[in-house]
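Read through the structures below before going on.
Two complexes are shown next, each including chain A; its partner changes from chain B in the first to chain C in the second.
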Partner chain A sequence: MSLNPSPSVAAPAGARSAAAKRLLSWLRQLLVLAIPFALFGLFLLAYGVDPLELYGSMLVSTFGDLYGFGEVLLKATPFVLTGLAAALPAKAGLVNVGGEGQLAVGALFAAWFGVFYLGGLPAWIGIPAMLLAGALGGALWGLAIALLKVKGRLNETITSVLLNYVAVFLVGFFVHGPLKDPESFNWPFSPEIAPTLRLPIFDGTRLHVGFVIAAAIAAIVWFVLARTRLGYRIRVLGSNRLAAERAGMRIGRMYFWVLIAAGAIAGIAGMIEIAGIEGRLRATTGANFGYLGFLAAMMAWNHPLRLLLTAFVLGMISVAGNTLEIGSGLPASAVTILMGLVLFFILGGKRRRG
Partner chain B sequence: MIADILTGAVRSGTSVMLASQGELISERAGVINLGTEGSMLAGALGGFAVTVWTGNPWLGALAGGGCGLLLSLLHAVLVVGFGANQLATGLAIMFFGIGLTSFFGRDFVSSQIVGFNPVPIPLLSDIPFVGGILFNHDPLTYLSVLLVPAIWYLLFRTRLGIMVRTAGEREDVLFASGLNPRLIRACAVLAGGFLAGLGGAQLSIAYTHSWVENMTAGRGVVAVALVIFASWKPQRAMLGAYLFGAAQALQLTVQQQGWAISPFFLFMFPYLLTLAALLLVERRKLSRTPEALGRVLAGDPGG
Partner chain C sequence: MERENLLTEPLLSVRGLTKRFGSLTANRSIDLDVRKGSIHAILGENGAGKSTLMKMLYGVYKPDEGSVEIDGRPAELHPPAKARAQGVGMVFQDFRVVPALTVLDNIALAVEKGWGLRRRQLRRRIVDVSAKYGLAVDPDASVWELDLGQRQRLEIVKVLLMPGTRIIIFDEPTSVLVPQEVGAFLDMLRRLREDGYGILLITHKINEVLAVADEATVLRSGEIVFRAGQGEELAGERLIAAMMGDKTLKAVSRTAGGPDEAPAAMAVRGASIRGDHGELALEAFDLDLPAGRITGVAGISGSGQRELAEALFGLRPLASGTLEIGGKPMKPGVRSFIEAGVTLVSEDPVKESVVPGFTILEHMALDGYPLYPKGLGVDWSRLRAELTASPEAAALSVAAPDRRAETLSGGNIQRMVLARALIRRPGILIVSYPSRGLDIGTAYTVQRQLLEAAAQGAAVLLLSEDLDELFKLSDRLVVLAGKRLLGPYRPEEIDQAGIGRLMLKGESA
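Showing the complex of A and B:
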């Protein structure tokens, strides 16, 4: 089975002029990503910001020095994982945006275990245990969506969005209540986790090994999807449910486990936010990362390895959003308009080879 | 206390009710629009802004509907025109709406308006208990209540309604009758966007009298869920919306009573209630799902 760049197509249509086809598909995807940047440039011009300068400074700050590069990778890390939480179910034909809530609950579990149980452990056992705790939290939240989907026959998109709101309030409850730092002067956040539980940091940057973990998980997901029987079955299910049914696959069970796996991956993103950056749980930990991951997955056409690239681009845009706010007084939310435009062009450009 | 909750149910349920009536039209035509959330936000901001500028809440409400309609136009173009995935497109419009309104809304955060205020209906509002609950509301709320039978009549008793419903069930039939099902679907989506925008405007102009970033907080998504809960019946969607409103109103009541329930559980409650409601009706409703919509919800290709 060759590496198949088009997730929405049933199977590679033979080998005829595969190279030319692939080139065309790449060009097309590049164009779809370029137009929104041009449109957003016009928008910026209307507000008196030179788009070329902004895009230029975006590139310079990213590739100019090690620190800037590290900052972008740092931003990109959760997007990779929440992106996988959207891309993996998408391969099975599901539209899952539960990453947002799953990340939050994963962060909650990681912080809970980190604060109360894992503090005294050495790093080599404490960090993996905390990672598992995060994955467990995310998986539990994914379990809710999976049960509602398989047992309750409820559409996963609607339930996952609704549960995202619930997750945010759940984290709110914990940081205002059982997990509140007694020395916080009434600020809503958890106590700090032990220094042994913090992820190791690369010299000269703020970047931690979380990015390596995210990249490794992306590689694993890619391998499973592209190279194993299980992955093949998931892709068949995603491209033609009826065919999968006729072939005797147990569809409910596959949906169930795919949604739980996605939840676990997003939960790990939550753990990385706690152990890598914040050191403690806040009510706002990871806000919007799930939605941005969904965007990253769409930009990557749900391909796990290309997701690394699109998450990186989103990381650049996020950093640029901060630059924009500092440099020109436009709010950082301006870049979400750009992200929305990108999404629309991807969605509109997706119909093809019909 | 019960009167408080019921009054609050209508007050805070109306925005969701308007949005769900709009979404109902759209879903009857076979298009699910999670962008309802974005349309509501756009309506809330657009309506608020125009009310600030003109001082006239009626113009504001109209502008709110217009803003909601504009966002739903994106959905119509992408879904009906380009055949994009309905659920993913709806989500994209939701994000876009959040970003757009938080960008353009920052100048309005501290603005103040008079907006709509409760207008008690003479005599009727004096009836003990019931009067306060039913007959002491803002004009948009009265309007929204009248809208429900109007939409029911439109959908089930007129030619236009048959066209809309056929677009959601058997578009080949429309085709055979020389009608363009895609056009009808697009119009249904736009109507839904307008009502969602109006609902958003009700929230900002009549209910809270303010603009706050992301103030709809999932009400649009709830509206979509309620339509499914309601088995695509306007009167049941109204009921569902007031139920959601009651769950919201519970927060205030519990605070006033001083009961020791964490506010966060009360915040969660409306969403959990929505999920529970969905789960409850799920088993009975399969045959009633508009056919085209059933394909989208089940995730079948070609939706």
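Showing the complex of A and C:
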């Protein structure tokens, strides 16, 4: 945006004040992001850690070399997908906190199909098939929430949270039982999937193509919401259910399919964890990624493209946790304080504007 | 002028008050006096700047130019705490009350200062003020239980109990009242006047102004275009003319429909409808909506109007009975009703029709224009072209297509919703309170459009609380009273008093 000084502009004063307003709001958004880092800095000082040094090393390790940048993207990948699993339903007026469970069941399905059925296939067909298996698992978990919502009239926020626990225990059951690796010396994890099913990796990093898949899905979700007739209907429903009802929309059906789509997207995140990083299913695969994705979605105000950015920031903070642990002896989980502060201030910033 | 001022010195006097919002001048050099023991009415169409002026007088907005004097001394009203300290109270259109608290607690919240809460004393003051001005409110009722009229009385009691209140601003006070309450409200205004309060009454209802006001000021496009009173006689026609400006007002009336019964577009037999809490709202009624006719529905508000409108639009299933459109029984669900050509203008469009964040153009694709496809998306440019060319939208002067609907005033939202309903050229049009919140000029336009829709063959069901409107437009009238649907009656064969008796007492009258 540039200011046009030509005399044909009718109200240059108005235009300038609009630009000033934009600058001001931009500055305020920056401040909202800066305050939590300052507060967390005080916390670090109390523990004798130099915050500037930590933040500096955080930036250097993220942008300093390809490997570090790849690590951050790697961390951000599941947050993008589980974030979409929260953001898409949010646009329809639903609160899906079930990304956690949908990711877990997606990982379970991906591992199950990967270990037993897809091992002999070439990569170009095996990997997409495994991706579909993960999506199917997540979608099934979404289906449970959708049925309870539409047929049982149960609040999806509650059912999705509760089903998260069921999902985690379900994965636990499988890795201790039917899916346990017979050669694991009794450790609870599945056999490793075939090397052909592993996602291709970018040279010089641990980063795999999962991030590209996640970004593509985010772009598709954005396009559907912003540009299609379906997206228009979803946004009407999310903004005013009564108006959607009066326009003759099939509300139950829309809720149903949106929840299933969200489940499928989170399920793909589970598949990527298996095929991209771990290579096998563990009871802890993807733990907390669903909740962090929900956080990323809230920080992005459920905007699919902004979500890419907030997921990246959360990825950076997660990686910084490791730096913190190595450098200062504070536990890596100390950065969850920072995440909490960031969320708190972003929500507070919105409050004042609204 | 000199002599008048000697008679009653103004309590509040403003000169040259101007308020701009960006490039829009909402108020331009307004001069206004509010005198002790007198009622000053401010009239104007929607968007004339009435609300802006009131908000400046109550200190919500700071004027860009102009001066304010109270008792002849310069005064500052912004922020509202200052206005209140100088005796200016305001009764808002949307009440500022806490639904979970009782009446007493709500008043305490506004009136009591310091830490202690002297309930007994406050209760006595509430009872005293209520009795004195006929403002029946129960101090121990929770506010969520109260209807709009009771909430308004609470609001007025609150303002009266605030220490030092001398000037009271009423913002469209009668818009929330049922017709039966309006008379009592106007009586209360007269009593306040006798007790020396200076009253500023914002309204667009001419009859009320003629009934109580001592002075009237008419605003148009943010400027004062007419003043009357202080000795002069207030004349209705002159006020209307001043409000409307050079627009010519053609009063609306239908060309009497012949006695021939047109075929029923919609036929309801033996139907019962339940309310929100499962109680029967209407019992065992028959209703025909003939094509090309307007069927008016009269009734005290809350007699089942909303339930009836929603049931005939498929939003609310019939508890029993049958509903046929064009001779075919209807499947339940809004969608099949829309496909059968039914359109509803709901009684609360702000709540039920406005989608926050969406523009007027986007609203037009919700049960108005079809969602013209363009690839996977919507052909918004085609929609825009059709909306721009639409005679309905032009006649109702719908605001610009790119404005976000939640920023519009209630009147503008009403225009948008009505235009959308008419644009669809529905076979059956159910319209609730079409002229609520509209100024006279727009209300006439809406009424003409309804007659036009009927002339083109639509079956119109008109729910209204305005008997004049019902008699002017309806070919047949039904009355809702005591869970029954009475009629139809021919407007030629029954008068307003007759309908009024039916509304109050049902058929036994």
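Operating definition for what follows: the second predicted complex is superposed on the first by the 321 of 354 C-alpha atoms of A that agree within 3 Å, B and C clash if a C-alpha of one lies under 4 Å from a C-alpha of the other, contacts with A are read in each partner's own complex, and residues count from 1 in each chain.
Methods note: contacts are C-beta pairs under 8 Å (C-beta built on N, C-alpha and C of every residue); 3 or more make two chains touch, one makes a residue touch a chain.
Treat the numbers as computed from the prediction; the structure is a model and nothing was measured.
Engineer: Classify the contacts of A:V95 with the two partner chains as first (chain B alone), second (chain C alone), both, or neither.
Structural biologist: Once the two structures are laid over each other on A, A:V95 reaches chain B alone.
Engineer: Check the residue A:N240 against both partner chains and state whether it touches chain B (first), chain C (second), both, or neither.
Structural biologist: Both partners, chain B and chain C.
Engineer: Just chain B (first), just chain C (second), both, or neither: which does A:G152 touch?
Structural biologist: In the superposed model, A:G152 contacts chain B only, not chain C.
Engineer: Of the partners chain B and chain C, which touch A:G248 in the superposed model: first, second, both, neither?
Structural biologist: In the superposed model, A:G248 contacts chain C only, not chain B.
Engineer: Thinking of the overlay built on chain A, is A:P128 touched by chain B (first), by chain C (second), by both, or by neither?
Structural biologist: A:P128: touches no partner chain.
Engineer: After superposing on the shared chain, does chain C or chain B touch more chain A residues?
Structural biologist: B
Engineer: Return first, second, both or neither, reflecting whether A:T228 touches chain B, chain C, both chains, or no partner chain.
Structural biologist: In the superposed model, A:T228 contacts chain C only, not chain B.
Engineer: Show which residues of chain A both chain B and chain C reach, each in its own complex.
Structural biologist: 239-240, 242
Engineer: Would you pull the chain A residues touching chain B in the complex into a rising list?
Structural biologist: Against chain B, chain A makes touches at 93-95, 97, 148, 152-155, 157-159, 161-163, 165-166, 169-170, 172-173, 176-177, 239-242, 291, 294-295, 298, 330-331, 333-337, 339-341, 343-344, 347-351, 354.
Engineer: In their shared complex, at which residues does chain C touch chain A?
Structural biologist: Residues in contact with chain A: 22-23, 313, 315, 334-335, 337-339, 344, 346, 351-358, 362, 365-367, 371, 373, 376-378.
Engineer: Can you list the residues on chain B that touch chain A in the complex?
Structural biologist: 34, 74, 77-78, 82-85, 87-93, 95-96, 98-100, 102-103, 106, 217-218, 221-222, 224-225, 228, 262, 264-265, 267-268, 271-272, 274-275, 278-279, 282, 297-301
Engineer: Which residues of chain A touch chain C in their complex?
Structural biologist: Residues 11, 14, 227-230, 232, 235-236, 239-240, 242-250 of chain A touch chain C in their complex.
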